[in-house]
Amino acid sequence: MSGSRKFTNDYSELCHPDVLAALSRAAEAGEQNTAYGLDKHSAAAADAIRRVFGLPDGEVFLLTGGTQTNMTVISYLLRPYEAALACGTGHINVHETGAVEGSGHKVITCPGRDGKILPEEAERLILLHADEHMVKPGLIYISDATETGSVYTASELLALRDVCDRHGLYLFIDGARLASALTAPGGDVTPELIGQVADVFYIGGTKNGLLSGEAVVFRDGSLCGGFRRHIKNRGAMLAKGFVLGIQFEALFSDGLFFRMAEHANGLAEGLRKSLRKAGADVTGSSPTNQIFVRLAADAAETLITEFGLERWEVHGDGRETVRIVTSFASDEESCRVLGERVAGLLRKK
Amino acid sequence: MSGSRKFTNDYSELCHPDVLAALSRAAEAGEQNTAYGLDKHSAAAADAIRRVFGLPDGEVFLLTGGTQTNMTVISYLLRPYEAALACGTGHINVHETGAVEGSGHKVITCPGRDGKILPEEAERLILLHADEHMVKPGLIYISDATETGSVYTASELLALRDVCDRHGLYLFIDGARLASALTAPGGDVTPELIGQVADVFYIGGTKNGLLSGEAVVFRDGSLCGGFRRHIKNRGAMLAKGFVLGIQFEALFSDGLFFRMAEHANGLAEGLRKSLRKAGADVTGSSPTNQIFVRLAADAAETLITEFGLERWEVHGDGRETVRIVTSFASDEESCRVLGERVAGLLRKK
Amino acid sequence: MSGSRKFTNDYSELCHPDVLAALSRAAEAGEQNTAYGLDKHSAAAADAIRRVFGLPDGEVFLLTGGTQTNMTVISYLLRPYEAALACGTGHINVHETGAVEGSGHKVITCPGRDGKILPEEAERLILLHADEHMVKPGLIYISDATETGSVYTASELLALRDVCDRHGLYLFIDGARLASALTAPGGDVTPELIGQVADVFYIGGTKNGLLSGEAVVFRDGSLCGGFRRHIKNRGAMLAKGFVLGIQFEALFSDGLFFRMAEHANGLAEGLRKSLRKAGADVTGSSPTNQIFVRLAADAAETLITEFGLERWEVHGDGRETVRIVTSFASDEESCRVLGERVAGLLRKK
Amino acid sequence: MSGSRKFTNDYSELCHPDVLAALSRAAEAGEQNTAYGLDKHSAAAADAIRRVFGLPDGEVFLLTGGTQTNMTVISYLLRPYEAALACGTGHINVHETGAVEGSGHKVITCPGRDGKILPEEAERLILLHADEHMVKPGLIYISDATETGSVYTASELLALRDVCDRHGLYLFIDGARLASALTAPGGDVTPELIGQVADVFYIGGTKNGLLSGEAVVFRDGSLCGGFRRHIKNRGAMLAKGFVLGIQFEALFSDGLFFRMAEHANGLAEGLRKSLRKAGADVTGSSPTNQIFVRLAADAAETLITEFGLERWEVHGDGRETVRIVTSFASDEESCRVLGERVAGLLRKK
């Protein structure tokens, strides 16, 4: 088993070889670039992103990590007495050590379904917060793919956009795994639709083959006049912004952005099928690079040890749900090994 | 002239070849590392730093940039009604777009001398703020090397430590250019002294040959119990913390940390001499990799265009001070070209 | 009906005549008092509070309103990455327009029962937040009486104190209606017990006969060294602090604090009985000055109009819950009028 | 001497008898008022203020104290990366324990003259902060009367307004002692001019005869859409807002607002004359209710003890400047006693 790769998450490896090659080329050429993100690589990356997402007037800013990006964007969009409305499972609500609240804003949550906010519950919460003794919902935060690997449909996104329009909220999409969502089997959301429905969204690089980096995209320049100062104020402006620029330039060359996600999604899809075939209890509705399997505790423990899986939930009946994540660096053979190991554990029972 | 390198700053290049090589090795090996800075490389880097700075019980945390680090450390050390005491020219006061205030804390300033705080003025300000209608000074912030390239002497650091001890303040050293300070010709400060006088300091990587990265060092574990959560709360925890770990591991191998700074300081020293010899008005007291030259406006303009120098100050008499910065990537030949160009411009007059 | 008083809330009237008399005496005497709460009246009030709550080393600070007090105390007690743990119905969670989050801290909520936190759910949430990617629960916030008029028993308070002790949290009691809780029929909590279980609590004046004012009490001086500066930093320090001092001095003279609450509780108890006798659907478990009645919509509407009742909840079946609140200024006759009106409305059906 | 009143400050007394009478009338009438500032008294006070300041579309909000008001308004007007520009002696810079910074905003200071900002230095600072690595000046904060008793002239105010217009800043006037400024002998500023030049200003009640209270005035409704939620978010919304409403209603009845300030200013003017006649070194340029006198240390000490004067400054030559403050409650006789005492101390020398 020891030869197999781990399936802990999609941020265990450094970066895709093409990304490293781009960095190496620039280093070896002895490039000197303008600092603070005002360099040619960042500009080229922004151009590519504008093209891919159909936003000729879009404005692009490169930051370093997901929590930083969520906090920086949300604290920029909201007035002090406004709140972000999110799904209870939303990353900003449960896995950012209170960064959004740390910037002064409440996160209002709704139960959602499959990690996704339902338009009707968003609307109900907005109406409930009409009272001035409560925070004012200022934006809807969604992640696509969600924290549990599910993806929004085009009609779900349009319905949330409609709620935002009718009540004067922004729609902000956390795209830490946006590539996974856009290449999910059966998905009907295009990059252009993301560009159309979101006031602001970000394109995750950390979880899709970069050393690190997230690209924040504003639909146009009307909203982001002070955003560069805000980035600096939040400690999120890199002196060597071109390190991000070079990576995003590579990411949007030759379709690497999509290819890496398709690779990870494809492996996950295959693994999911073989797990189901072996009788495994694959839970949730993720069509992306995350797989959730519910197992007897000892089987779960074995897989956690051997494949670095994350324990996702311990159930009342003693069984456990573990998470399998594929990435750009996962390979067929390791998936096969993992699939067989699960099958073997299930047979033993 | 066109073949010469620019002297704009020390963060125009990607990174030292040894740093890139370390990243490449890890990538090519297909390494999978534990996330969030809990990896073996970060641990090895921390060990090396503990050894170099003589802090066997020191705790090390790797962050991404200077403003982020200053804000994260300062907002961790202070209570809400406390302030940082800094030199008016201090980076946190003038070039961080209010990041420290953005985290809720006033920066109290004193004029200082040569970019350095005088112990007696620090003490005077502390006493002045005894009134509960004023903020309470909670820490002294200094940068070494300072923003104008000067360095503290051992006795100056000990005197500030003494002020802190007598009044119950922390001493925090911004070491964005700490390597420059420690290798400055004529300097008498050792890494061990930094470890001894500072409650917390950081070791700059961005301005000393890394892609990015700053290593925060707490003297021991008594003060940093919640610091990892705080890092996350500020949006400063990288998922791929090992990207920083690998770089700092390389930085503290084979003395690369010191060698790069010696290289830059040495070139600056040589350039400074030839500029003075040519009759240039070299101002300030920097023994490190920054050189400040006061010139007629047209000469300044020429150098800004040709060598990418930063315009530092415009004087009442129309003359201008420009800044020359050397780095790990600067070379003898470019320095020679720049020196001759200045000499030529001065002769023309 | 027009002659009856309204039952909207317990902060519609100015203040008890004894309180006004104390203010008038000081004004007419032409008193000049030391500013910022360092006056003799504030000192006398603190002494009285220390006696009543059995805290000879207690430290008392007088603030102006409930939201201000909650935010000021909570942001003082917590580190930036820490959170307050509260009941979902807690005032800080739903009726303070995000003031606690505005000061940088998440409010973690549990469902609770009757507006009260159950020790076991508090403990479960604390354990759940052991992960450093989540906020750290730093204090348990409870209100007594709660937002729905219920009161904690002595054993419930001791159990929460025990949870706090075992996990290193503070226990903070919002006593906006503490007098109501301490004088509730059937209650077993004494002032001394409050002083014993809470690290910090506050004694509400606004909802118990003062013009305004809340007295924050720290069990002893070990925790509040910087609290006066913090009060000032939050904009909560009154120049004329003696206006609060005079009122709290009066409040703790001749048992006025208890007498007013007993009066309001007693009237509510009587009204509750007559409502039940008339067949009204009195809901909840409040033994204090709040009464909740579930009625047909038209009956509810009538009472809202005639008696200024607050609409508390609209139910799925079209019925509505209205809230009746008595105060120091309520009188027997008005209660009788209200009781008969409800009875009449119920008969009409 | 013991019979004389103290001259410590203008917030040592409770309130003017007319203000207390208004409160008593409402209490004795058993009034029940709508909470949270939505009552008839607050509305009547707002009407009166709109009339006096010539702002038919003005919006008025009643808060409780000066620091609270400054912090609440400034944090409402500014974006997170913006700063307030103030005189170094400005109240927000030196006597609010960092409340503005606590809300996330830097205070940029200029030396000013006589406690007043010079338009040219404001402009210079604004231009200096064009760099995105510095905070963006978002408003100019002035106090009128200033902290040292001086007052702005109409042309000075218009010049600052002009700077604001040309650079897109708000002008915010801290009117803690606005009545003193408007009634200063020789002053040429009218209430209408204040209404015309300021985007937002506040009218101080605490230092002009109220128990407490400051009235924030927005020129019109275009700017204050979310201000009530912001007030609540900052902990500054009183449940019994009508206590402020009744007081401000009284303050703007029968010209009490102006009469009290004229009284205090007049007594100060007379005292100033007699002090000068006696040879006292009256410093500064205050035409309002603050007088600054420079004296030998022992004389200063005597006056501090006997008249409660505040020690304002200790000079290098050992002499001390003390501050004398008159208020609505000061009387001729006490002023005469103080004047004679100073004369006596000077003769003794």
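A, B, C and D label the chains in the order they appear, each numbered from 1.
Quick note on the criterion: a contact is a pair of C-beta atoms (placed from the backbone, for glycine too) under 8 Å apart; a residue touches a chain by one contact, two chains touch by 3 or more.
Bear in mind that the values here come from a model prediction, so they are computed numbers and not experimental data.
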Maximum centroid distance from chain A, chain identifier (CA atoms): D
When I count C-beta pairs in contact, which pair ends up with more: B-C or A-B? A-B
Approximate Å spacing (C-alpha centroids) for the pair chain A, chain C: 43
Nearest whole angstrom, what separates the Cα centre of chain B from the Cα centre of chain C? 51
For the pair chain A and chain B, the C-alpha centroid-to-centroid distance in angstrom is 34
Note: chain B residues in touch with at least two other chains are 80-81, 96-98, 102, 104, 132-133, 135, 229, 232-233
Write out the stretch or stretches of chain B touching chain A in their complex. 5-6, 8-9, 11-15, 17, 20, 23-24, 26-27, 30-35, 64-72, 96-99, 102, 206-207, 211-212, 229, 232-240, 242-243, 246, 308, 329
Touching residues (chain side chain A, partner chain C) in the complex: 80-81, 83, 94-98, 101-107, 132-135
In the complex with chain C, residue positions of chain B that touch it: 36, 75-76, 79-82, 104, 132-133, 135-136, 226, 228-230, 232-233
